[in-house]
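Each of the two complexes below includes chain A, the first together with chain B, the second together with chain C.
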Partner chain A sequence: MKNNAVIPSSAWIFLIWLILMTLLPFSLILGMSFLQRTDLGNIVFAFSLKNYQQLFDWVYFKVLLKTLWLAFGATLSCLMIGFPVAYFLARVQGPMKSIGLILLFIPFWTNFILRIYGIVSLFGSNGLFNQLLASVGAPQASILYTRWGVYLGLVYNYLPFLVVPIYSSLEKLDPFLREAASDLGATRFQTFRKVILPNIKEGVLIGSLFVFIPMLGEYVIPDLLGGAKEAFLGKVMVEQFFILQDWPLGSAIATVLSVLLLGALWLQNRWTSKNQQPQSQELGHAI
Partner chain B sequence: MLLHLEAVTKSFEGFQLHPLTLSVERGEFFSLLGPSGCGKTTVLRLIGGFETPTSGRVILNDQDITRLPPHKRNVHTVFQRYALFPHLTVSENVAFPLHLKKLPSAEISERVKESLKLVEIEDLQDRRIHQISGGQAQRTALARALVGKPELVLLDEPLSALDPELRMKMREELKTICKKVGITFLLVTHDQEEALQLSDRIAVFKSGQCLQVGTPKSIYEDPSDTFVARFIGAVNEIPGDIQGEASSETGEIALSSPLGVFKLKKNGHSLPKQVSVILRPEKMRLLRSKSTTQENLMEGEIQDLIYLGSRTEYAVKIGQSTFKVFEQELERLKKRRLNVGDRVFLAWRGDDAIVLPQST
Partner chain C sequence: MRFRNPLVSFLFWMAISLLYLPLFYLVFQAFLENPNDWRSGFTLKWLIKLFDSAALWGPLLNSVEIGVLSATLAVSLGTLGAVGLSRISGLLPPVIQTLIILPILVPEVITGLSLLLFFLLCRFDLGFLTVVVAHASFSASFVYFIMVEQLRKLDPQMSEAAMDLGAKPTEVFWKVTLPNIIPGVMGAWLLAFTLSFDDFLISFFTSGAGLTTLPLKIYSLMRIGVSPELNGLSFIMICISTFLVLMLVSKEQSRKWVLRG
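And then the complex of A and B:
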């Protein structure tokens, strides 16, 4: 594929925006990650890989692994809850569909921070959840300010972002495919496994990456729901910048995160391009 | 008798299928013909199992399948938009029903090959669905429906998504393929020419009701009502009143109409007083001058003509109505060339006319 086209003038605005807002800051971060700092937090312009070495210290590496693991688990949970929801929304017709979709999006009319505080009040020691537990005589569950709190917050917040791509790929699916499969002898389960699933696989993968990627860099949720003990990559990074005044190390963490994101995006790109090969040139002289 | 519908009805919002009783013989090519919204697709979906009848029974091969889900029926469908599986190749699509039957893979590949050969797309077997044209998709869908050797194949407007030229070609090939495989076919179409060309028998539908079942010839030559007559082929209509009784020797009856008095043949049906006389364009002759003839004559003026090579189609204005007449070009050189505005006479024989009760 050659792309020799002259860039249209409207695209320049976008390009300049991209350079100013993404490429430039990213280059600054990348550059900074190879610098050092004095004990007072002043930056020393001397090339060094010390920051990256530091990341492989168990202290930081553990955080990285834990973050990956938690994001992965939360994505999987989103998938397990979100898939049936998306499937239901795509199958159901009439008012149930609109009600379902509205319910899915209503939380987004509320401020993100408020929603997180909503979770805090629901799951706090005097929250509705623990009151319910108490009323049936069960012991209190301390979810808040543990990794389960972070996990809950992640799943709750990112669920719709997974439901939507799965829902839309189900909606795009020709409804006659289901009928054709059943017509040719497939049971409902076979239809799902052999026809529906292979055709929405892409939507599911994209949706999963869609939630997995931002989860990795999440700061607010671990900060508000995880408490002081729970180190999370995004949180550690912010701390480097604003509390410990170690901008070069913070930049190194940011760079590692960005590389992870780019890797995930590259994977996603590969999956999608594999399944959508360009139209055959021979199409022209087909009957 | 392979398929029998027994007083089948279906109603949903805004539509009702009147009790339908219909039989399709084994090996027959049967068509359901009608305009869109007439219920023909509903009938097909009832047979395929995608809908359940409100009442009545569907019997396939002496077995009541009324409530059987689609995957348990030995009936396969070629869908209007083919519904090929986009994640599979052409040959994987065709193999799909065989894999479900868990046949040994040697047999699967054998039968897939055979099917692809039948529809002449062996060389496309490894193509993806988005890499083939409409006509090729049509063939793939047909191969997929035939490969499982079902008792009945349902064709849901299979040619309507193709462009006209390809449609004509595919129509002929479809006929050849159907004759070759000897399976029973049930076609749903709104294209009367398609139904006439392909079918052994046709059922004509209008707003949820089956009006007539018959061979293409009987439906064209002897339609049961004016709707069927108008739907199959071009018609000219003369509304009028029957005058008196049929004469006993000739069986002739007289029709008085705004266009004059005409002689008709009594055809056995008992007719009401008010009738519609249907004349097919090819059953009328165009005369340059008034001649003495036993036929009915009408005088008019040429309003329009379309030269089509093998024939010319004329629109002749008589009184307030316009008549369509086809003239074969076989004697053209002998005849005077006609132009718009020329006075002409239309001659037709009483026994070529179809006499039907006037539709309300």
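And then the complex of A and C:
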């Protein structure tokens, strides 16, 4: 009865769908990134690496550096806020564990635009924050439509996606490790630095990459919270499609981001196959 | 054992309240007499006005229709895939595994752009159908993973017994497999519907100029500025989304997926 080689026809329907609706569109982006564009906006079918070279033009390179810096800062902040959250969830026992995880994720299943609008209502020029400042006579704080608006939006929207990998790394840790350390006379800080941190650093690094790379491609956050002057890689990418009609250049940026993500995935597979099962399953067990 | 470190639990609750603050303020704002002044007193007039306006019903109806159609499409495809591929013994080839996980893994911006490019090059008219198809293209993979888990719990002897008794593979599927995985199918449908209903980016890229879903409407109002209409729509959207998430969390099959965003 067991047939290893043949894929049943019902599965083919799904696989063909995936090939048509996922693989083919991605291949189009990849292919497009090697084409050229005339000044009139027509696409020319001639292989070139011009679009990738263009990313190193100062105009785009400046945007790239700025984006990397901003996303780096936001990832770092997510780590700093996310670590105690993950630590709490990993150490707490009983129903609080799943309640805490669910509490953390509910806001992220409300619409993405609403989360951004929430930030606008709090920090916009007529937002709650400025109303409170005005009521005590303090000058207005313009956070929105600067890079700080983008930063705030990034941290807010990506936080739980960094909590989860830290949480799973901490869960995997043998509890006896900590006990052994304290029995041997280590202080809490020493235990953290010398026992816990070295054991979770791979998981935390991978988790950070999976937050950092998608951040670079963000379009809506810089568009709605950053104002017109704040250039951002993801925004530049989308504008190539919608405003500047330079599909090849936009595709080249999308390809670079995808390749970076695949690299992170490859790294994760290499490290988890060395250790144990993937993270998703363990999160499943916790609930 | 209770949690000991008060600093860590303080930081946890602090972070959770900061996460909820913007959303709570949106709810609060929907009832303000003057949306730009938090002390202006409460009123229901904006919400009542909204219930009479086309700004709510048109986009809401579009969102629901797109959600229902794309979830049904995604559930059909994902279930077929899961049932079919589960007949293969052993691990799936990595190529197929990667293909299935790709739509979940790739950032929405890139999925959206690639679908846009695909639709434009195929000369499809952007609108209702392209959004339905685009939503199904990423939620089918979520459905697949839920269904694989459901099928794993199923006793394989049941379908083997049916086949021994002379049932054809299609009969086995309709009469034996499907009735047993129906709870999973419903959980997966709800997840796919929620993904579609809450989606902004993919709709933004694939909807063209004519079609407005609820999130798209909120986005376009946001570009104009704060208004009672915008606050009211946000309030309604929050209510529906929260309701959907709570439904998902209450179902065992989909709970795990809520926690991965």
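What we mean here is this: the second predicted complex is superposed on the first by the 219 of 287 C-alpha atoms of A that agree within 3 Å, B and C clash if a C-alpha of one lies under 4 Å from a C-alpha of the other, contacts with A are read in each partner's own complex, and residues count from 1 in each chain.
Note that in this section a residue touches a chain if its C-beta (ideal position, glycine included) is under 8 Å from a C-beta of that chain, and two chains touch if they have at least 3 such contacts.
Just so it is clear, the structure is predicted and the values come from calculations on it, not from any experiment.
In the superposed pair of complexes, A:F176 makes contact with chain B only, with no contact to chain C. In the superposition on chain A, contact is made by A:V238 with chain C only, not with chain B. In the superposition on chain A, A:I7 makes contact with chain C only, while chain B stays out of contact range. When the shared chain is aligned, no partner comes close enough to touch A:P248: not chain B, not chain C. Partner contacting the larger number of chain A residues, of chain B and chain C: C.
Applying the stated contact rule after C-alpha superposition, one finds that A:P222 touches neither chain B nor chain C.
When the two structures are aligned on the shared chain, A:T187 is found in touch with chain B, with no touch to chain C. Shared contact residues of chain A with chain B and chain C: 280, 283, 287.
Across the interface of their complex, chain C is touched by residues 1-4, 7-15, 17-19, 21-26, 28-29, 32, 81-82, 84-85, 87-89, 91-93, 96, 100-122, 124, 126, 128, 131, 156, 159-161, 164, 213-214, 217-220, 224, 234, 237-238, 241, 247, 250-251, 254, 257-258, 261, 265, 280, 283-284, 287 of chain A.
Across the complex, chain A meets chain B through its residues 174, 176-177, 179-187, 190, 194-195, 198-199, 275, 277, 279-280, 282-283, 286-287. The touching residues of chain B, when paired with chain A in their complex, are 48-50, 69-71, 75-77, 79-81, 83-87, 96-97, 100-101, 127-128, 130-133, 135-136, 144-145, 148, 166, 169. Remark: chain C residues 1-3, 5, 7-9, 11-12, 15-16, 19-23, 25-26, 29, 36-38, 77-78, 80-85, 87-90, 96, 99-100, 102-103, 105-107, 109-111, 113-118, 121, 133-134, 136-137, 140-141, 144, 160, 169, 173, 194, 198, 200-201, 204, 214-215, 218-219, 222-223, 226, 230, 234, 237-238, 241-242, 244-246, 248-249, 255-256, 258-261 touch chain A in the complex.
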